[in-house]
Amino acid sequence: MANQYLELFQSLIDQPLPETIPAFTKWLNGRLKKAENGSFQMEFIVREEMTNGLGLLHGGVQSAMLDEIIGMMVTALDKEAPAVSVNLSVDFISKAKAGDTIVAKSEVIRQGRQIIQIKGELSHTNGTLISIATSNMLVLQKKL
Amino acid sequence: MANQYLELFQSLIDQPLPETIPAFTKWLNGRLKKAENGSFQMEFIVREEMTNGLGLLHGGVQSAMLDEIIGMMVTALDKEAPAVSVNLSVDFISKAKAGDTIVAKSEVIRQGRQIIQIKGELSHTNGTLISIATSNMLVLQKKL
Amino acid sequence: MANQYLELFQSLIDQPLPETIPAFTKWLNGRLKKAENGSFQMEFIVREEMTNGLGLLHGGVQSAMLDEIIGMMVTALDKEAPAVSVNLSVDFISKAKAGDTIVAKSEVIRQGRQIIQIKGELSHTNGTLISIATSNMLVLQKKL
Amino acid sequence: MANQYLELFQSLIDQPLPETIPAFTKWLNGRLKKAENGSFQMEFIVREEMTNGLGLLHGGVQSAMLDEIIGMMVTALDKEAPAVSVNLSVDFISKAKAGDTIVAKSEVIRQGRQIIQIKGELSHTNGTLISIATSNMLVLQKKL
């Protein structure tokens, strides 16, 4: 069920996202840089409204960016049914500030029939890590 | 260093948040319902722009709401220096949709001199859990 | 498929574990104190061989005790198929030392058809927390 | 304070562990294969007493092995004071059984002055992942 999405995402590389994307995806306003089976990359620009009281990228928005790139990549995997997030575990490593361009990556660690394990990371364009994440997603089971 | 914040947050219970709050806090647009030492509660209304492709509250926004209520509570704790997030671990349990009013709670499990352990949860107003979280925050060390 | 296990565990409360238990369960050598549907409690005595270089209960053994009480409780839940661990997230809070009796508790947060969310904790007998955990378990899917 | 440990560990590569090691380290009975600054590797042989009711390596013992290799590596890092575990998050990926030789690896993601972020993994000798982990460790603060 997924290859159509993979092709769609590939056609969006380095393009503005279309108007039809989900609302929060639009708010994050990332730009796809890579869309391969099991490996995605996006860039986000940190906007003022993504920051905390210190003018730094809010940890919650970091989590949201990680969840977003992970979810997008999983949508495009070949699988029997849609998948939903079981958990997201984020470790915060360094800072980003308004105006920064940051890179989000996701990668499938293992795609099982029921569970898909994924890792993600946010980094600066020079490679300095901002945060890392792991997530497990559940492939929904058709009722017997 | 914190009691002034606790009093400030208490004065904001059931009030609109002031214009001076951090930008992302404003975007989330929660309303404080409880601000006690080590125990906070807010309500958020799920807006369209917080949703994913299925019209459901984005897991990333759930993570952000949890991070927000946790951070706000920790700001108001008596401690020797500001604290920053080490990690945030979220388990996703059930759904919320645009228009829903949801309840965010945070609670200190233990406030150590260097590490503060916290748990948080999002639920519907009827108590049904949407997601749960744990987080560790680090109290910054003054340079010797 | 599970009630037989629940009854079995209930018959073992305050009893030495039988010789037929799994090998590592025997090594941990806990004593069941409570075995209710979705809520278990055991006591462990910290032995020398469970300690690290400081004579304190090894964080890895803490994780193992938490995994054990969680797994035992889930075995006894009514469900369509066996369940396996997807993840275990442990936060370390305080110390225990050789000779201490410690209390392990597990509780189901939500039992879904495919995913079971669980929390666990280790504490001293006076209630002081040693560590807390969350875990997600997957109910194995029968092949269609 | 650490280089002496790094040299000690390097001298133990491919050797039986000395009698003076911590009790639980002895129980795990690993063999060091690599001990570099910020990157360690050990091999463990899965013993019967490490298994669950299905004869498979207990998830709790996997967590303990990961905690062990992470802790050993951090002991050998140059730092101002000893470090303790804040949290350990483990994702379970595949099985191992009694008799298997398995490989444990740990790696420092970032060594900060107060927090050290680490990742670890267990795999079969052919590289198949058994479990992955992240951990945060706190460098203890000298009292001012």
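Things worth noting here:
Here the chain labels run A, B, C and D in written order, and each chain numbers its own residues starting at 1.
As a convention for this text, contacts are C-beta pairs under 8 Å (C-beta built on N, C-alpha and C of every residue); 3 or more make two chains touch, one makes a residue touch a chain.
Predicted model only: the values in this text are computed from it and were never measured.
When every chain is reduced to the mean of its CA atoms, the largest separation from chain A belongs to C. Fitting chain B to chain D on CA positions gives a rotation angle of 180°, reported to the nearest 5.
Centre-to-centre, using mean CA coordinates, chain B is 34 Å away from chain D.
With each centre defined as the average position of its C-alpha atoms, the distance from chain A to chain B rounds to 22 Å. Centroids of chain A and chain D (each the mean of its C-alpha atoms) stand 30 Å apart. The set of chain A residues touching two or more other chains comprises 86-87, 89, 91, 136. Taken as a contact graph, with one node per protein chain and an edge wherever two chains touch, the assembly is complete, since every chain touches every other chain. On chain A, the positions that touch chain B within their shared complex are 21-28, 48-53, 58-61, 63-68, 71, 84-92.
Those residues of chain C that touch chain B in the complex are listed here as 89, 91, 93-94, 109-110, 117, 119, 129, 132, 134, 136.
By the touch criterion stated above, chain B contacts chain D in their complex at residues 86-87, 89, 113-115, 136, 138, 140-142, 144.
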